[in-house]
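We call the chains A, B, C and D, going by the order they appear; numbering starts again at 1 in every chain.
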Amino acid sequence: MENLIALLVAAPLLGAVVLLCGGRRLDKAGHWLGTLLALGSFVVGVVLFLDMLGRDGEDRAMHQHLFSWIPVGGFQADVAFQLDQLSMTFVLLITGVGSLIHIYSIGYMEHDERRRRFFGYLNLFLAAMLILVIADNYLLLYVGWEGVGLASYLLIGFWQHKPSAATAAKKAFLVNRVGDMGLSIAIMLMFTTFGTFAFGDVLAATGAETSGAAAPVSEGKLTAIGLMLLLAACGKSAQVPLQSWLGDAMEGPTPVSALIHAATMVTAGVYLITRSGAIFNGAPDAQLAVVIVGAVTLLFGAIVGCAKDDIKKALAGSTMSQIGYMILAAGLGPIGYAFAIMHLVTHGFFKAGLFLGAGSVMHGMNDEVDMRKYGGLRKYMPVTFATFGLGYLAIIGFPGLSGFWSKDKIIEAAFAYDDGIRGWIFGGVALLGAGITAFYMTRVMLMTFFGEKRWQPTPDPHKDPSAEPAADGHGGEMPHPHESPKSMTIPMIVLAFGSVFAGGLFSLNESFVKWLEPVTAFEHPHPVISVPAITGATMVVLVIGVAIAWFMYGKRPVPVTAPRGSLLTRAARRDLLQDDFNHVVLVRGGEHLTRSLVYVDHTLVDGVVNGTAASFGGLSGRLRKLQNGYARSYAVSMLGGTAVLVAATLLMRAV
Amino acid sequence: MSDVVNAGFPLLTATAAVPALGAIATAAVPAAKRTAAKWLALFFSLVTLALAVAVGIRFNTGAEDRYQLTESHSWIADFGVRYELGVDGIGVALIGLTALLIPFIIVAGWHDADPQETGTATDSSVAAGRWRPTQGFFALILMVEAMVILSFEATDVFLFYILFEAMLIPMYFLIGGFGDRAHAGSDENAAAQRSYAAVKFLLYNLVGGLIMLAAVIGLYVVAGTFSLSEIASLRASGELEMATNTERLLFLGFFFAFAVKAPLWPLHTWLPNAMGEATAPVAVLITAVVDKVGTFAMLRFCLQLFPGASEWATPVILVLALISIVYGALLAVGQRDIKRLVAYASISHFGFIIMGIFAMTTQGQSGATLYMVNHGISTAALMLVAGFLISRRGSRLIADYGGAQKVAPVLAGTFLIGSLATLSLPGLAPFVSEFLVLVGTFTRYPVIGIIATFGIVLGALYSLVLYQRTMTGPVKLEVAKMPDLKLRELLVVGPLIVLLVFLGVYPKPVTDLVNPAVKDTLSDVYPGDKTPDPEPEVAAK
Amino acid sequence: MNPVNYLYLASLLFAIGATGVLIRRNAIVVFMCIELMLNACNLALVAFSRMHGNLDGQIIAFFTMVVAAAEVVVGLAIIVSLFRSRHSASVDDASLMKL
Amino acid sequence: MSATAVHSLWTTNGLWATAAEPVAKIDSPQIEYSLIAPTLIVIGAAILGILIEAFVPRKSRYYVQLFLSVVALVAAFAAVVALAADGRGTTSSGIVAMGALAVDGPALFLQGTILLAGLVAIFTFAERRLDPEAHGNRVDSFAAQAASVPGSDSEKAAVRAGFTTTEVFPLALFAIGGMLVFPSANDLLTLFIALEVFSLPLYLLCALARRKRLMSQEAAVKYFLLGAFSSAFLLFGIALLYGYAGTVSYAGIADVVDGTVQNVNPALAGTMGNDALLLIGAALILMGLLFKVGAVPFHMWTPDVYQGAPTPVTGFMAAATKVAAFGALLRLLYVVLPGLRWDWRPVMWGVAIATMLLGAIVAITQTDIKRLLAYSSIAHAGFILAGVIATTPDGISSVLFYLGAYSFVTIGAFAVVTLVRDAGGEATHLSKWAGLGRRSPLVAAVFAVFLLAFAGIPLTSGFAGKFAVFKAAAEGGAGALVVVGVISSAIAAFFYIRVIVLMFFSEPKPEGPTVAVPSPLTMTAIGVGVAVTLVLGVAPQYFLDLANQAGVFVR
């Protein structure tokens, strides 16, 4: 069985290599090959899953050691895989949703002449993401970590001829690199502290520490490692302060947004923190930091989501905030890990579904993304409407749907952070977030599918007509919305099912928690107020949120051009000025720095050398003058020289 | 060990002699037979590669004696100079790198030295065929290869010094004589800049070399011999007593020369000019092959001859290396010229190498050695593709490009992989070495290690900015008709990329080769068998 | 008489000759000054020879005269040819080559 | 005065004691002719050359003279080799000719070097293919008739008549003869005579250029006046030393200086105490030799004379004179004045440093190739001085080696200069050398080799020599000198490189100079230069051994 693990990665990797090196002759069948390999990987995953279920909780984890990677002295890095319940959860999510989105893309990218490459990139992403989640040491995880970064870079910038896309891709990669810095520093710290960075050893060592046993590691070290890991998570999962790239990442094709920037990659941070639970358990301060980051992002994303008119950006904001929930949960320790992962999975379903829905809408609307130019689409694309609606209900946590189960648990856990003020604060934040979520999702729903048509002829000036091949030949016409082809709707339906039932399924006598317990450990949260009260409160804020949204966008007609809006709204439209800050401080500052350095290098560093050369030249020129051609002056110098010679000799004797 | 081991076929000598002969043969080819000269040069470089492989096979990683395949003959007894050769793992790795890259350089520069129709063609002597640039070009490349390989093999300080200096001359003619034709500005302007770059290169390195000469003489006065092995035995038997200050002065003399060659901030300014003005293959020759002699020499000579002084100087050198890393990266961001950008990137990378060497840990030095190899390959890949790009558009300015990805996807793809290697993406070779260097530094000097980690962000910055500006965005008019990579060019880039991936996934062969040598070097600096690597707080289970 | 005085005299003559070389322009005169210096040397030699009571100094003096004669031959030849081609025997005019 | 006192001139220490009672007969001085054969051969050939000038018809003079000089030089060299083989340089070296000459290692080594250099130089003297034929007869680089006024009818007539100044051969032979004596002179008188014997012919040779005669004559005048001036100082120094020691033989003076002299007579006792005599005298003699070496501040004649003299003569002077002068300098410092080491070493330090730096720095801005080489020769004098100062056997041998290596590079370089010509004769202005590498890669490459040797790039003789000298200096405790030397070589490298850049990397000018195809004579000269440069660069061991064996002065 173990030997199958490598196959998980091998299949999509093969696909990537073949598709990217294969050349044009693969254009015909490339997308099918890619999809098949993704599905194959999924099948392998399922097989392993069933095999895993066959064994009982403790020895479910599987290992496969391939070869020794970097052996240098004490530094022993291996290419080895570890498949335990946590990894398995991710494997299924990634390959499952991944396959669906492959299928979806077949239709969505139909008119793109570079579809083969697109699928190659998708397979590359799958491979990298799988390496990330089944690596058995941090360095190999790092490989996957940057691998998904690369895939995301390639896919965001897939339409490279759009400068905006290229810039967004670069931005994403750079911001992620900042996070990766954290990860590599964390690995170095682990190496210096434990002499290794394999999950087993590190976590065992820290585990021993936390249980007060032998081999004590200073809490400070653990905190440092924890914070560095958090930095990494922030980068990958678009958490404040490294969240700025996610919004721009929406430049990529919609399936990419669905798979990478909603369902899987952006959740890698959550995986990292959960995986490193033992370390965080030993470092409460680091945990607090995690919780704060989660809480802040939760609100940040939600607020941004409220203000965006671009449907994908609105969803991106929501993604941010949902991941905020997960991070928050992961920061809570054993009471949160399981719920974080659970929300991660359910979110994977409904957010992917929502994005695919959005994609379907855009597909029908000549790639219009401005929700103010939608309206009343429910008649024209019923399937999209239905699936999108279910996803909507799921995310706002409508009772009985997936989001309800997972998010409420997180809110409870937040209230249980500790039985003091903290519990109230973070519980309150989580609760508030639920309300805002309800508001902005309702807003999206209303603006898109209800109200009167506000369609505009495409293309509108600030968009490159040839931006998406689907728009070819539609230039300047009124959109005529239509339901998308089967290849696109089926995945949406499947995901809709997931977003409806997954949560309930997981919560049946806590099956999911039990499933994860051997890996993450689990304690029952003890909230500061009773659980029913929390549920009730959640329902209340939910209703309030929906109501406000209905009053603003349901009752009143939605203006096609956005009103100026309040200060907060305007700030939120610009990602709460975070980008402006980056631009002013980092970009401008950087440019000035480099420019001045270039100057310094040329004038100072180089100048010094050239200066010496020049000064020698000048000296030479002056000494030359002594050679004035007059024999008698030569004689003078001779006589003088002799005098000096004699004097010196006598002097030598004198002293 | 000196006299006993001359048994068997002098493989090391042969490895250096073959390209030397090749140089002579190539130079002798009559003017009309330009193509023949090219093939001849390629043939000899391939034979050299085969011999290098043979060296790698004959080299026994397990053996306990430090230098293998040794040869030793008396040469200038009066100066105490012997013709002593021998390789350790590091030497083997670098010889391999050199022998590997030269064929690619030759193929990549296939047409770089064809006489131009304009310019000198009118000159009578050209018609008379006395002026044979093509033959000269390839002959010089082979000559450089011979000297570099021999300098990796030399275990006699004087012999090394001679090669270290002598290799400047052919390099000088390569830079000054065969400039990049894609030059902004008039021809004479180009010629002026080119000879400026060549002279700058030569003078910087000559001054470094002369200062080293003083130190070499000083070493002889102190030690009375130039043979590494003898010096080692003298030190072991305690007969060699260097006064602390003497040792430090001598160390500085040596290190200065190597730091110029490497190049280390602030002695770096010759590199951008040289790489900018030279043709892409020659630029690769400079940064991927010749400069490695500098870093190699730090490892082989500075640490072995002056362990105490090396340890004494470490903090300063580490700081300089750190500056090189950040400074080089920042300047790379600020460049307008593709090749200068790559040059500054190389400066940043040399910073990493030097930092790894002087971190004085197993990881650091193994990483540094690995880095030399990987940097050689990755820079070669990036620079050569850049050269192909430049040769198509006839300009080195980044601003003149844009959207090339759409018209020449293969070229763009290879260029991207090159860039990714430069920013040391995991899975590609440079990542392994860079991470090893960082870890090795971090274990001993955490702060420096952390600051150096910023380098990976900056690396990503300049690599991606370069890719974005040249390859993406709307297609520029001049770029629109740009052809994709030809077969010859693909043959150059393809193998390099395969190597990058292979060494990124499975570097074990190289690390196994290098580790023992590094252990020996470290045991020079830290006498006794205690490992210099700091122990982790917690013993892993 | 104290032989040292001869030495002083010789030195004086030598100095005079040297000064002449420096201040006179005419090549011939300059050359004569050099001859004066040589003769100063001769005086010194002879004086010392007398002091030490061996003849080495005097012999050298004779040789010096011969050498001086030879120098005259060569020197005049050169100076004359220079004079004929420039119509001036001034050393300062002969300054084509400088810097 | 008794006749025996005359004797005392030829003997190492005055026979004052025996001079009292009268002697019956003068025993004739005993001369070991075989041991001074080289000198005798050359001088004899020179005298024969004069007779040839007198009696052989003009047509055939050139060939006869050339033949004679070559034969003489070869024979002399053979004699030197024979002596060396006979162990005269090492085991059985000794003082000959009644103490006038020393036959020892340095002497023989330098004589050999001078003879070879002279031979090569004679080849360049005899070159007659470079200048275009004048009125159907080949011409060399010497004036048709030195006596005739430049541009005058008589000159034209002389040219038309196809006159050639074949006197150059005997003159050169005389000079060489003097140079052979100079480094082996073992008393001050011989030193002085030898100096004059090789200087006077050189003055004349300088004046004999065929082209640019005004400059040539100016060079001669300057060289002559300054040379005579310096030799006056030398002579005064000799007088003072004689006054101090009461003898002119090196050994005798050394004894007095060291205070190891036997039978001190009252007069000597009086002067011995007077260090001023000794020091001033020594300083003046040093000055005279440093002038010939071309050391700062006695260097100023060098550029002008090198530029004005006919190029073959310049090469000859630059090589042979330096060798001879350094030989004499070595002997003086190591045999006569070792006792004064602590007095002259600091002074020489200063001179060496000044020479190295000034030579290198001023050369940077030179525009005439011959002046450039002149300044470079000054810088090299500085390097050699560093070896002289070492005052160790290594120092001696390193200097000997350096001189050998340097002289051939120099002659070769100047020989190349004679090849690059335009309408006005040799094109010595640097700007005209632009793009030479394109026009005639071979010549440019050869010149580049010489320049690299001057710059001391490894694998050339220049590097081996420089290394030997610096090594000796460092071991002799003159580390600082080595550093200065290294710095100045760095500066010097700059202008050598500049010339190479000019030749190879700059576009040739349309009206640039042409490269004349020389006769086998010059080819040999250049070929020998290149060969020696490379051999001494790659495998110097044999010659280093030679220099080592030769590195001991007899006293």
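Keep in mind that, in the parts below, contacts are C-beta pairs under 8 Å (C-beta built on N, C-alpha and C of every residue); 3 or more make two chains touch, one makes a residue touch a chain.
It should be emphasised that the depicted structure is a prediction, and the values quoted were computed from it without experimental measurement.
Peer 1: Kindly list the shared contact partners of chain B and chain D, in label order.
Peer 2: A
Peer 1: Roughly how far is chain A from chain B, going centre to centre by Cα mean, in whole Å?
Peer 2: 38
Peer 1: Distance-wise, how many Å sit between the C-alpha centres of chain C and chain D, to the nearest whole number?
Peer 2: So the centre of chain C lies 24 Å away from the centre of chain D.
Peer 1: Calculate how many whole Å lie between the centre of chain A and the centre of chain C, each centre taken as the average of the chain's C-alpha atoms.
Peer 2: From the centre of chain A to the centre of chain C is 97 Å.
Peer 1: Cα centroid separation between chain B and chain C, in whole Å?
Peer 2: Taking the mean C-alpha position of each chain, the two centres sit 65 Å apart.
Peer 1: Specify, in ascending order, the residues of chain A that touch 2 or more different other chains.
Peer 2: 613, 624, 627, 629, 631, 635
Peer 1: Residues of chain D that contact two or more other chains, please.
Peer 2: In chain D, 221-222, 225, 229, 233, 303-304, 494 touch at least two other chains.
Peer 1: I need the residues of chain B touching at least two other chains; which ones are they?
Peer 2: Counting only residues that touch two or more other chains, chain B contributes 203.
Peer 1: Looking at the whole structure, which two-chain pairs count as touching?
Peer 2: Between chains, contact exists in these pairs: A-B, A-C, A-D, B-D, C-D.
Peer 1: Residues of chain D touching chain B in their complex?
Peer 2: Of all residues in chain D, those touching chain B are 438-442, 452, 455, 457-459, 463-464, 467-468, 470-471, 474-475, 479, 482-483, 486-487, 489-490, 493-494, 497-498, 501, 504-508, 539-541, 544-545, 548.
Peer 1: Per the contact definition, I'd like the list of chain C residues that touch chain D in the complex.
Peer 2: Chain C residues touching chain D: 7, 10, 14, 17-18, 21, 27, 30-31, 34, 37-38, 40-41, 44-45, 47-49, 51-57, 59-60, 63-64, 67, 70-71, 74-75, 77-79, 81-82, 84-86, 91, 94-98.
Peer 1: For the complex, which residues does chain D have touching chain A?
Peer 2: Chain D residues touching chain A: 221-222, 225-226, 229-230, 233, 275-276, 279-280, 282-284, 286-287, 291, 296-298, 300-301, 303-304, 342-344, 346-347, 350-351, 358, 361-365, 491, 494.
Peer 1: Which residues of chain A touch chain C in the complex?
Peer 2: Interface residues on chain A, with respect to chain C: 624-625, 627-632, 635-636, 639.
Peer 1: Where on chain A does chain B make contact in their complex?
Peer 2: 20, 67-75, 79, 139, 142-143, 145-147, 150, 153, 157, 160-161, 163, 165-167, 170, 173-174, 177-178, 180-181, 184-185, 187-189, 191-196, 198, 201-202, 204-205, 215, 217-218, 221, 590, 593-595, 597-598, 601, 605-606, 609, 613
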